[in-house]
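Quick one: the structure is below, and I'll ask about it shortly.
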Amino acid sequence: MSSSTPTSANTIAQAADALMAGLPQFQAQAGGIIVIKYGGSLMRDKLSGQSKHYEDDILGNIAWLKAAGYKPIIVHGGGPAINDALVSFNREPQFINGLRVTDEDTLSVVEMVLSGQINKTIVGRLEKFGCTAMGLSGRDAQLIHAEKKLKDGIDLGRVGTVKTVNTFRFQLLLDHGITPVISPICSDGEGGAFNVNADEVAVAIAVALKAQQFLLLTDVPGVLADVSDPTSLLSELTVSTAQQAMLDGVITGGMIPKIQSVVDSIQQGVGMVRILDGRAPHALLSALVLNGPGGTRIQPDHDL
Amino acid sequence: MSSSTPTSANTIAQAADALMAGLPQFQAQAGGIIVIKYGGSLMRDKLSGQSKHYEDDILGNIAWLKAAGYKPIIVHGGGPAINDALVSFNREPQFINGLRVTDEDTLSVVEMVLSGQINKTIVGRLEKFGCTAMGLSGRDAQLIHAEKKLKDGIDLGRVGTVKTVNTFRFQLLLDHGITPVISPICSDGEGGAFNVNADEVAVAIAVALKAQQFLLLTDVPGVLADVSDPTSLLSELTVSTAQQAMLDGVITGGMIPKIQSVVDSIQQGVGMVRILDGRAPHALLSALVLNGPGGTRIQPDHDL
Amino acid sequence: MSSSTPTSANTIAQAADALMAGLPQFQAQAGGIIVIKYGGSLMRDKLSGQSKHYEDDILGNIAWLKAAGYKPIIVHGGGPAINDALVSFNREPQFINGLRVTDEDTLSVVEMVLSGQINKTIVGRLEKFGCTAMGLSGRDAQLIHAEKKLKDGIDLGRVGTVKTVNTFRFQLLLDHGITPVISPICSDGEGGAFNVNADEVAVAIAVALKAQQFLLLTDVPGVLADVSDPTSLLSELTVSTAQQAMLDGVITGGMIPKIQSVVDSIQQGVGMVRILDGRAPHALLSALVLNGPGGTRIQPDHDL
Amino acid sequence: MSSSTPTSANTIAQAADALMAGLPQFQAQAGGIIVIKYGGSLMRDKLSGQSKHYEDDILGNIAWLKAAGYKPIIVHGGGPAINDALVSFNREPQFINGLRVTDEDTLSVVEMVLSGQINKTIVGRLEKFGCTAMGLSGRDAQLIHAEKKLKDGIDLGRVGTVKTVNTFRFQLLLDHGITPVISPICSDGEGGAFNVNADEVAVAIAVALKAQQFLLLTDVPGVLADVSDPTSLLSELTVSTAQQAMLDGVITGGMIPKIQSVVDSIQQGVGMVRILDGRAPHALLSALVLNGPGGTRIQPDHDL
Amino acid sequence: MSSSTPTSANTIAQAADALMAGLPQFQAQAGGIIVIKYGGSLMRDKLSGQSKHYEDDILGNIAWLKAAGYKPIIVHGGGPAINDALVSFNREPQFINGLRVTDEDTLSVVEMVLSGQINKTIVGRLEKFGCTAMGLSGRDAQLIHAEKKLKDGIDLGRVGTVKTVNTFRFQLLLDHGITPVISPICSDGEGGAFNVNADEVAVAIAVALKAQQFLLLTDVPGVLADVSDPTSLLSELTVSTAQQAMLDGVITGGMIPKIQSVVDSIQQGVGMVRILDGRAPHALLSALVLNGPGGTRIQPDHDL
Amino acid sequence: MSSSTPTSANTIAQAADALMAGLPQFQAQAGGIIVIKYGGSLMRDKLSGQSKHYEDDILGNIAWLKAAGYKPIIVHGGGPAINDALVSFNREPQFINGLRVTDEDTLSVVEMVLSGQINKTIVGRLEKFGCTAMGLSGRDAQLIHAEKKLKDGIDLGRVGTVKTVNTFRFQLLLDHGITPVISPICSDGEGGAFNVNADEVAVAIAVALKAQQFLLLTDVPGVLADVSDPTSLLSELTVSTAQQAMLDGVITGGMIPKIQSVVDSIQQGVGMVRILDGRAPHALLSALVLNGPGGTRIQPDHDL
């Protein structure tokens, strides 16, 4: 069994107190489906070999949550690895009116990196933490069907938007103790693929499964009242207060579509959304089990 | 959800580290059946109203373990409450050659207190901690059949020794998320009852179910090399080293039958036994989840 | 197998004719849930040791019905044994405005007797008749939640009224061939207990499970048109005729709340209610299997 | 529900006493598979229209046993109806060395009568008694495969002997509350049929399913020590005493093959055999439920 | 395994192309319930011994479809065999106002032939083709209840019309890989029987089970625009176009009630109806698997 | 439904005859697990865009077999696409003593191409043919654990050999109608990967699942008695005759390890092996369904 040095008695006592303080929440939530968006920015330093801190922290926490009965689904993005591969394959980025266009060849490289490299690396790391994961893309078993995305009437090529999610097959894997790790390449329903934004895929899965929680791991502390002041964190929002904050200009800029999508997901049945700082140590255990800081938590109106 | 004050970030970090340090053991064990002997001495102060520390600590920890997937079965003893009740009912203790004899009337009072008072109080406390428990005695649903115990040829009356355990019905309750709380009054197979020693009942259940762990909550730190020196704790024993320690006179006196029974249970399929100090704060969380001190752990030879 | 003297051929023929005469009813009902209220008055003589006739008769009949496929649930009351115990424990009865008040200490004694003595005695007797029973109170596994009962604005202490019944867990036991024997002490949802009237508990269980039959074992022949004339039995009532009989003053006095509760239960889904004389030999077999006298039977309007 | 006249209180009391006297046997056996051989001689008077007494009695009793949880399988023979039909179709009986030969045309008529007339008539009668039956022959769903029977080297045509029984499909029907009524025409495994002796088919089914009881309904009181004296009934035999009785010449003549086959079936796992007088009123209820006379009962040695 | 001569490569290639051409339909339909009406006219030549072509072709095709995952239910008629048997039994046909009357005796003969001869012959042939079939009539296990049919106010005796179909039991057999072969003799609910038109029984089963397809095997090419011109086949109809064709006089005479019943069945949930020429070689494989000619196919309006 | 032009009647007749000729084999095998090794050489022309004939033919046939109840598992290799990608990423091939060495960087590229490109392309094509496939590598859900392969004592880097196959998870997917498409990159049990030969992976899966058939799709006609003569095909071998052929020098060179591995797999429980020419049109339908040519079939000794 465990061969590591036992933790000191004092730490144990504090840790146990923290666990007991979090018990009501833990009891209410353990066993629930949690969809986790794990973005490329939190992999950045690691794939370059400089640091593995974030990744091991995040995936280790997920392994712990799985052992305690939560049912995680991880949706990952891509990031710099994709750009490196595109360069290796001499794909010139294409633009129309300033918008990036994804042709078939580019998609092929993106898919190789997302579904063949990053996806399987995460599966391997989770296995190392004792967590049995299955790496899949939206194309597999028709898990996610997408259709062409149109942006301002411009054809962006093989970029799609989610149409349907096969909840039965996700449930099948979860029921058998398997943690799905999802690459956001989706099926076009005719044998081909679309590249879809990972945030969108994660929200679509959370909504389709009526997940208990959608956990958005980011590289900010959460929703800030003043973007330049990390201490201005808004730790608790409801659908109503979030909508008001957008009207009032408290939430601005790039945060608006994120929060809007989060609010929408709650209105479609997701139990709760947490915007967590993936760079903070043990952000997931802190928020879900230890009654500790948990970024911004957004709940339905009636839950507060 | 949880409305208590969040724990401080520093404590969280230490707590999370302790959780991650305990992850391999947690993964290997969560989901396992743990039979917990909870003796009368650990209820003593509480029922008198002086202190509820031990009981709330122990039952709260059990509730947490249940939430994390463990399947606890609690076997409780009696203690001072029984003596109080016997006095109230004017039962004079009977002795033959210095051995206490349990006649039908005494058994009736003992059963009322064990199965009707202590048993239901534990069930209520567990409910308060959010854990659904079912209070049963060995008579119920023919869970445990006993036969008359003979000691040195003397008839001790309605004192029995375990004959059979109905594993199917224990499993049925566990499979449906119910925590059995067992009073050690057992069926004589003909409609009557026997009073059986609670340690013996707990070991019999652990063996019958091939429990992953048998947890003996006591009021000592564990097995001591020198009984007068609490720092001489033997934290790890195997079947072989425990047997040797009894031969060598390291384990002596009243500890011998306890350890012998524990060793027997491991040889009959119980995965591991822990002798824990029930007075220590969070003894169960410390030993099972937080990689902390855990009294004396006794394992099969091949597991070390 | 059976070693008793064979019954005579003539009796056999009559018995078989009676069985065949009851076949249509038996086929329609066997397999159904029957909730049986077994009151303290039918235990009275027995616990004093004077006679065991009623108890063995009633519990033996229940064992037979169970063997034939019925699914009995027994709800028992208390009676003189409670008073005896209260005296032993020197509990002075408390009254406010003439109403008995149950304080915590009294409740503790009542619970010991009901859940620890009477309950387990019934379980033992059923085991003797070959019927596997499980003795539980409303506190166990959160089977029955109660809330404080207010009577004319007076606080009666730990006296409650039923709020919810956990039908799933009753069904689980029944599905596995276990006969629940229920003590009417219920959970207050916060770890404590309420004493609830046994009739009320029985009706609540019957309604929650939409029992096929609710059998009220009493010490009268059934509903009488003239209370002073045992031959004035009303053997068949419907909801409508029962309501009319209350309006017309045929049913009077203490019978009114009983009949009102029975009528309510049928309107909430109980299939049929029988008010049986528990003192009559084989009252249960007579009514359910042998096409014989069956006290007063109350059915929905459309069933006659 | 039941609208018949209630049975008198005195009869009820005696009937209930008989039921309670039979309770231990009833509990041990209800739920068990009982294979019933129902021979043509017990249909004789009825099909001619003279009397329906036996048939209604026997099939009514079976319906009652089914309602009480037994799982009956009925294997029927043919009798005079077959001869009548053969005459209608102008089939001349064929003989070789005095043995009757069944050619294809004769088999076709026999099958029509057994599988199309008698079989469906029994199904209909059982339906009238509220018992859901399914009429099948050994050809259906490959329930029973037979092979050619050779008798003293003579080819008897389409007469077969049982090779295999599909226990899974019998169990499937029983598990869903369906009572199989079996015509003894069996499959030759290649699309054709064999006529097989009904006694042999019944024994083969009982052995294959390890039936709790095989009930041979005959027109004699059971095994008699003196064939000419109906009061010389041997009511209890074991495998050993039956074998001895054959050696000693107590059992003689046509009884020898019947008893030999019965003894064999017990040695292959059938729990018990009863040879009952189908002409006696309520023979089945008497023997199985009412602790009454039950012809000759033959059990394994260790059961007495 | 297969020992027959391999098919030539050229034929294989064409056959495989045909299979692949039919793949989309095959994928959409395999696994579906198909109710097949197999009428007496398609047995005619065979039972006389002149030709077995139709029967072996049809039943072999059904065996193939079963092996590929379809769930067939066969409803058969009678035909000349019934008349032969009636003559043998000297039953004089009875008529009232020109309508044939079925008395009890006649029904008895009809049942023998349908349920005892034709039904079991089909079961045997299917077994020869490796398909496990169970021969049942509507009387068995209360599969089909009928009530008396009144025609122009005349009592036709034991002629019935379908009242209810027990879908659960049909589903049970299908779920366990058993192909029901149904004789159209139905239960009157009181132990007796009614003779029902086989077309009506087949449609009732298809409707009750919401069959994917109802296949009416006939001795015409399908629905013809001009009855005298076999090339005027209407190969595709919808509910609307079929109704219009009846209004327009394209469908006339005896075809009208057949088509009306087919249209009704689709409106009650049957997925599709095919009227196939049972005399054409491999009519079933052609229509369902090989993308070939398929008589007249009638579908819901929205499916074309 | 299907909108393609119906096939001609003559072709239909021949096709149906071929289907019926193959019925006994089809019945015996449909529903069985078939593991298909689909090598890179059969993708060659297609990925270059020159021809899609082989791929569509093979994957279309697999889709048909799936629709008919077979449970296919596809294990694919890589081929030229890997070399192309290695060139793009400037990986210089490394050799020690003439053996190719796979370092971590090379493995990363190989995995991207196998698990991210080829694997998902096959999944997409199968979806186009209406077959729901899930693309996985041996790393996913710990499906296949490998260990380092040592060849002549030389360290070949990340090249592995199969250690264990998780049969439960393969069975789970098959039971839910999902066709696994397996990339031969396997887990090292510690979070890393090994590249394993695809033939070896396919055989290991077939053995672990005791597959009914292992189908090795190659670019030769099968096992030839004379390699230079395509007409010298050995169409039927048993374990014994195959072993003899290797001893006799009939099977030589590169065929020996392939045949040896095939023979081993049969001795470990695989039901049958077929070595098929993947270039031949409809090779799979021909061999499994249409009773046509089927390369070399190798069976256990007792099956011929």
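Letters A, B, C, D, E and F mark the chains in the order given here, with residues in each chain numbered from 1 onward.
Convention: a contact is a pair of C-beta atoms (placed from the backbone, for glycine too) under 8 Å apart; a residue touches a chain by one contact, two chains touch by 3 or more.
Please read these numbers as outputs of a predicted model, since none were measured by experiment.
Chemist: Please work out the Cα centroid separation of chain A and chain F, and write it as a whole number of Å.
Modeler: About 36 Å separates the centre of chain A from that of chain F.
Chemist: With chain centres defined as C-alpha means, what is the inter-centre distance between chain B and chain F in Å?
Modeler: Going by mean C-alpha positions, chain B sits 56 Å from chain F.
Chemist: Could you grab the centroid distance between chain A and chain D? Build each centroid from C-alpha atoms only and quote it in angstrom.
Modeler: 68
Chemist: Need the CA-centroid distance for the pair chain C / chain D, whole Å please.
Modeler: Their C-alpha centroids are separated by 42 Å.
Chemist: If each protein chain is taken as a node and each touching pair as an edge, is the resulting graph a line, ring, star, complete or other?
Modeler: Shape = ring; chains linked end to end, path closes on itself.
Chemist: Take chain C as the starting point, go toward chain D, and spell out the full loop of chains.
Modeler: C, D, E, F, A, B
Chemist: Along chain D, where are the residues that touch chain C in the complex?
Modeler: Counting only chain D, the residues touching chain C are 1-2, 4, 6-9, 11-28, 30, 60-61, 63-64, 67-69, 129-131, 281-282, 285-286, 289-294, 303.
Chemist: Okay, in this complex, where on chain C does chain B touch?
Modeler: Checking each residue of chain C against chain B gives 85, 88-90, 108, 111-117, 119-120, 123-125, 127-128, 132-137, 139-142, 169, 172, 176, 178, 185, 187, 189-193.
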